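Shown below is the structure under consideration.
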Amino acid sequence: MESILQVNNITMVYPAGVIANKNVSVDVTEKTIHAIVGENGAGKSTLMKAIFGIIHPQEGDIIYKGKKVNFKNPDDAINVGIGMVHQHLMLAPDLTVAENLILGVEPRKGSLFLDTDKAVRITKEVSERYGLDVPADKKIKDLPIGVRQRVEILKALYRNAELLILDEPTAVLTPQETVILFKTLFRLKENGKTILFISHKLSEVKQLADRITVMRDARVITTEDASDVTEEEIAHLMVGRDIDTARLDPPEKMGGVRLSVKNVSYIDDENVQVLKNINFDIRAGEILGIAGVDGNGQTELIDILTGLSRPTEGSISMDGKNIAGLSPRQVRELGMSHIPEDRMENGVADTASLEENFIVDRYYKKEFSRYGKLDWKYIRKYSKELIQKFNILTQSSRTPAGSLSGGNIQKVVVARELSSDPQIIIAAQPTRGVDIGSEELIHVLLKDARDSGKAVFLISADLDEILKLSSRIIVIYNGEITAHFKDVSKVTGKDLGPYMLGVKKEEGAHGEIHS
Amino acid sequence: MSPLLKSIFSTGFGFAILRVMTPILLPALGVAISELAGSVNIALEGIMLMSAFFGVIVSTFTGSIWLSLLAGITAGVATGGILAYFHLKLKADIILAAIALNMFASGFTIFMLYLFTGDKGSTSSLKSLVFPEIQIPILKSIPVLGPIFSGHNIMTYIALLAVPFFYVLVFKTPLGLRIRAVGQNPNAAESVGINVNRIKVYALLLSGLFGAFGGLYLSMGYVSWFSRDMTAGRGFIAIAASTLGGNMPMGMFWSSLLFGFVNSFAIYIASLDIPSELIQMIPYLITIIALALFAMRKQMKKKRVDEAHELYSEDVISSVVKDISAADE
Amino acid sequence: MEKFILKYFTLIRTLIAILVGVIISIVLIYLISKTPAYSLKQFLLGPILSKSRLANVFENASPIIFCGVAIAIAFQAKQFNVGAEGALFLSAAIGTAFAVSTHMPALPHVILILVVAGLTGAAWGWIPGVLKAKWGASELVSSLMMNYVAYFLGLYLINSHFRDKSAGFLVSLPLPKTAWLPQIIPGTRIHVGIILAVIFALLGYYFLYHTTTGYEIRTTGNNDKFARFGGINVVKVVILSQVISGMIAGFGGMTEVMGIHHRFNWQNSPGYGWDGVIVAIIGRNHPILIIFAALFLSYLRVGSQVLNLMADVPSELVAVIQAIIIILITAEAFLSQWKYKITMKQASLEEAGNESIA
């Protein structure tokens, strides 16, 4: 069989200096299902964006059906027969299935009018041709996610896509919907389509793909026939590390349980069960790490712990007091602090000064204000101390937070969250996207917090970080805890990988101390 | 029958409702078309003023009703275009830019009015031609219906025809589909190669077009002169009418009719020495209540849709599974 | 110099916008007037050439300052509540009703009237606030509608229940002397209201920048997710900012009645609420800058009235200029190229400097 797409030595460096793809080459054979797997940040999405013309790599070229192509934008890619199904579906909720399908290439009556009947007919035709059942005249907002995704696939097929790119298509689906999607994809392959499939769920990949490309650290590690590798082997290739990362010394003395999560479940607005019966404890003086690929329920878990949302079921007790459903202020008052996943969204107000960013959780306390009057003199002095202590590079304490570099903004967040004398620290992706110097500083600070008897909960997609800092590790996959490592001294990335990727599962795993 | 009821049940009252409704319905359609494309346009007040003014000026100087029509339309569409330019190109907040445009239109028209009349007084006005009134052949001789529906200014009929026109435009043309798609999910539109900003520009220009007819009617139909600030808030009332009508053509027809009814009613009872203010207040109160109810329903609906999802998804899944397994065998 | 430009970029951009507006007005005057030099002098210097006109500048500025501060407090929380107009109108009407139906000594009377007006305005801000905070209904649309409700309700109250039938116009009964705000400069109509306006602007500044509640409002406006994350009760802040906004607008309306007209004589909505939006934008939602923006706007207005009266140019010139100024200030991309160039130049200079050190 012939190759439909060849990616040759693509290198993509983002303006901030992050190397997202380094000499990446992939060869996709027509009429196959080709999977690209890798951890978060391995460079899969960048590669897809480059193929689809959304971004433009500095080096390398792309050959489609034997011809070198140079897409200026996704339109160019669509025109030669490449279709993409985005993870966040690109559909207008109040339009019908048929209307969404023909949007941009509308059939017309005369030259002025929309031919709605024809649109419905087209929808039925396309849907029959590929065996993808959709209700043509129903509005998108009235359909479940799985059906919406099918509309998105039909959209690409209607635009004559020969090569279909699916970006983590199963992330939003229920198991039944996933089964249906796979049958669909097989059928499309039989129909002569080529499918490029991004995933980190290895069981799926193994089931579905003919060939598998593994990416790690912006590079392609290998491309293999799916029948030649086992899930364990793929997991090892993805995680990669044999080198033992430097570990913190284990904590010297540990106290009692500070935070105890019992039977927590959460069902989101889309009616998806995001968390299933989560149980774990965190003791004073330890760092509990939670390893997992992004999007397996970590965000929701953090929101529940910090009072930003309420669990559907279960309890969270902090020093014996149930805090589920308390407000963020109440939870913070009890001694919790929170380094958020996304610093620009939750961690700072970018147009406000550093001073104002430092006091968001404490401006009402008596050092900072009296009878409702802010003590700016003290706040300024206090801010300058934090800037110095946490080595934040800024012109002054009155500089808007948004004008600092990413690493320094993160230090602002960390400085605030660690200076409130917290008892429990929820640290989510504490070093994501920061320079090495800041990363080291933040790691030292978390270690100091641990050693001074605080309970730290570390959420990170970066395995090295989890392995380096954690005193114990739990693994989350698809909203469930799939493993608990009490002794981390011998644990490597390769041990965690299979649990993170859903290949292995400890039945009834939890992170509790007793039992 | 009391004098009040007598006047309400007169055909003159029915006629007045349609007359008063016209300059609300047209801009309401204008508000709605930009709203559907995802841009809040509160500049209809200014758009109408500009059209009303330029129509009159050209009528005075050329004596041609056609050129006046053209001038009014151009002025309205251009004002919509200026808003689009500042909002989309110069990244101004559309609400603040619209407030500035309304202010500009008010000042500019009075300023120009002075230059043409040389009269600085606030009561100065400029005489104008008017658009013709239309007697509808058979209809006009039918009792009751005739006096109510026949003999209106042509702009009133244009306003009534604008409702189906709006419907066809929004629901039956590719442009309408794209406008709705851009308003609901710009990323989706962009992903299929639609230029989102261009569609928004079209919507704002169309908004100007609807507003232009409303403005032209005011100065060249409703009355026959231009006077300062003669829109008297109708551009804002249009926002109420489009909100109350849910941006849907028939909804806006009924809400504009309500405004027309209430305002005519207020005028009628004013002559009877009954306080009209409370009556005139009603449509705004209804709009606020409707706004609140819509917002509440939206929140409730979310839950219901979730339940519907479950039902539907099981339904579809089982049918599809059956379908697929049948095909596999 | 360039560092200075970068640091004060928004201020400089505002000044340039004002300059462009003034230049356009000068050009217009030259185009229109038969005696341009004389007209220009009347326009630019008219307000300071006579005591009564200068007094007019301050009289007119007073309600605009109130409304500007009111609008700024809502805008700082990113609430597009433009209901100052309605709050001002209705508060003045209800305040007047209260004033003419009560009798007591001057000081308590004045204070109580202001309390009634302030509470009315607060209630008027509360409604769009609650609709927004609880259900997400657009405060822009609801506050616009509230303006009309306020207008008709106010007119009804005055025309049907407190009308002075002996007057030739539709006006309310006159306020008793105990409800008058004293004049502060004899021979003018400048009254205590302007002092109150400045006090409220200063209080507004103090409130926004030196109190915990003001901090909550600004933080919510800057990034509401961050505010919630940090423990601020965002729902409360969204409502409160609009309640305070309505209250201040209410004071503004009532002081106008008590200080200038001494009876309710508005048959059309006076437009101060919209002027408030203008000065809030020009003053970038900073209450102290708003004082100057209001004086500037008022100066332009008086200048244009002089122009109208003494020369052959209509006063609406000002409406044209203020619209141009505002649209330039709000156009984010206006002069952004210029800023970009300076930033890049600075950055490369710094880099060169760093290298030479290394």
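The chains carry the letters A, B and C, assigned in the order they are written, with residues numbered from 1 in each.
Operating definition for what follows: a contact is a pair of C-beta atoms (placed from the backbone, for glycine too) under 8 Å apart; a residue touches a chain by one contact, two chains touch by 3 or more.
All values derive from a computational prediction rather than experimental measurement.
K.L.:
Which two chains have the most C-beta pairs in contact?
P.N.:
Going pair by pair, the biggest contact count turns up for B-C.
K.L.:
Taking CA centroids for every chain, report which one is farthest away from chain C.
P.N.:
Measuring from the centre of chain C, the most distant chain centre belongs to A.
K.L.:
What is the distance, in whole Å, between the centres of chain B and chain C, each centre taken as the mean of its C-alpha atoms?
P.N.:
Inter-chain centre distance comes to 29 Å.
K.L.:
What is the distance, in whole Å, between the centres of chain A and chain B, each centre taken as the mean of its C-alpha atoms?
P.N.:
The computed centroid separation for chain A versus chain B comes out at 45 Å.
K.L.:
Would you kindly tell me how far, in whole Å, the mean C-alpha position of chain C lies from that of chain A?
P.N.:
46
K.L.:
Which parts of chain C, given as residue numbers and ranges, touch two or more other chains?
P.N.:
Not one residue in chain C touches at least two other chains.
K.L.:
Which of the residues in chain B come into contact with chain C in the complex?
P.N.:
Going through chain B, the ones touching chain C are 40, 42, 86, 89-93, 95-97, 99-101, 103-104, 106-108, 110-111, 114-115, 120, 233, 236-237, 239-240, 243, 275, 277-278, 280-281, 284-285, 287-288, 291-292, 294-296, 298-299.
K.L.:
Spell out the residues on chain A that touch chain B in their complex, using ranges where they run on.
P.N.:
Going by the criterion above, the answer is residues 74-75, 78, 84, 86, 88-95, 99-100, 103-106, 108, 112-114, 116, 131, 133, 135, 141-144, 146-147, 155, 159, 174, 176-177, 179-180, 183, 187, 269-271.
K.L.:
Show me the residue ranges of chain C that touch chain B in the complex, using the header's touch definition.
P.N.:
Against chain B, the touching part of chain C is residues 32, 80, 82, 127, 131, 135-138, 140-142, 144-149, 152-153, 155-156, 159-160, 274, 277-278, 281, 308, 314, 316-320, 322-324, 326-327, 330-334.
K.L.:
Applying the document's contact rule, which stretches of chain C touch chain A when the two form their complex?
P.N.:
210-213, 215, 218-219, 222-223, 225-233
K.L.:
In their shared complex, at which residues does chain A touch chain C?
P.N.:
Residues in contact with chain C: 306, 308, 327-329, 332, 338, 340, 345-352, 356, 359-361, 363-364, 369, 372-374, 376.
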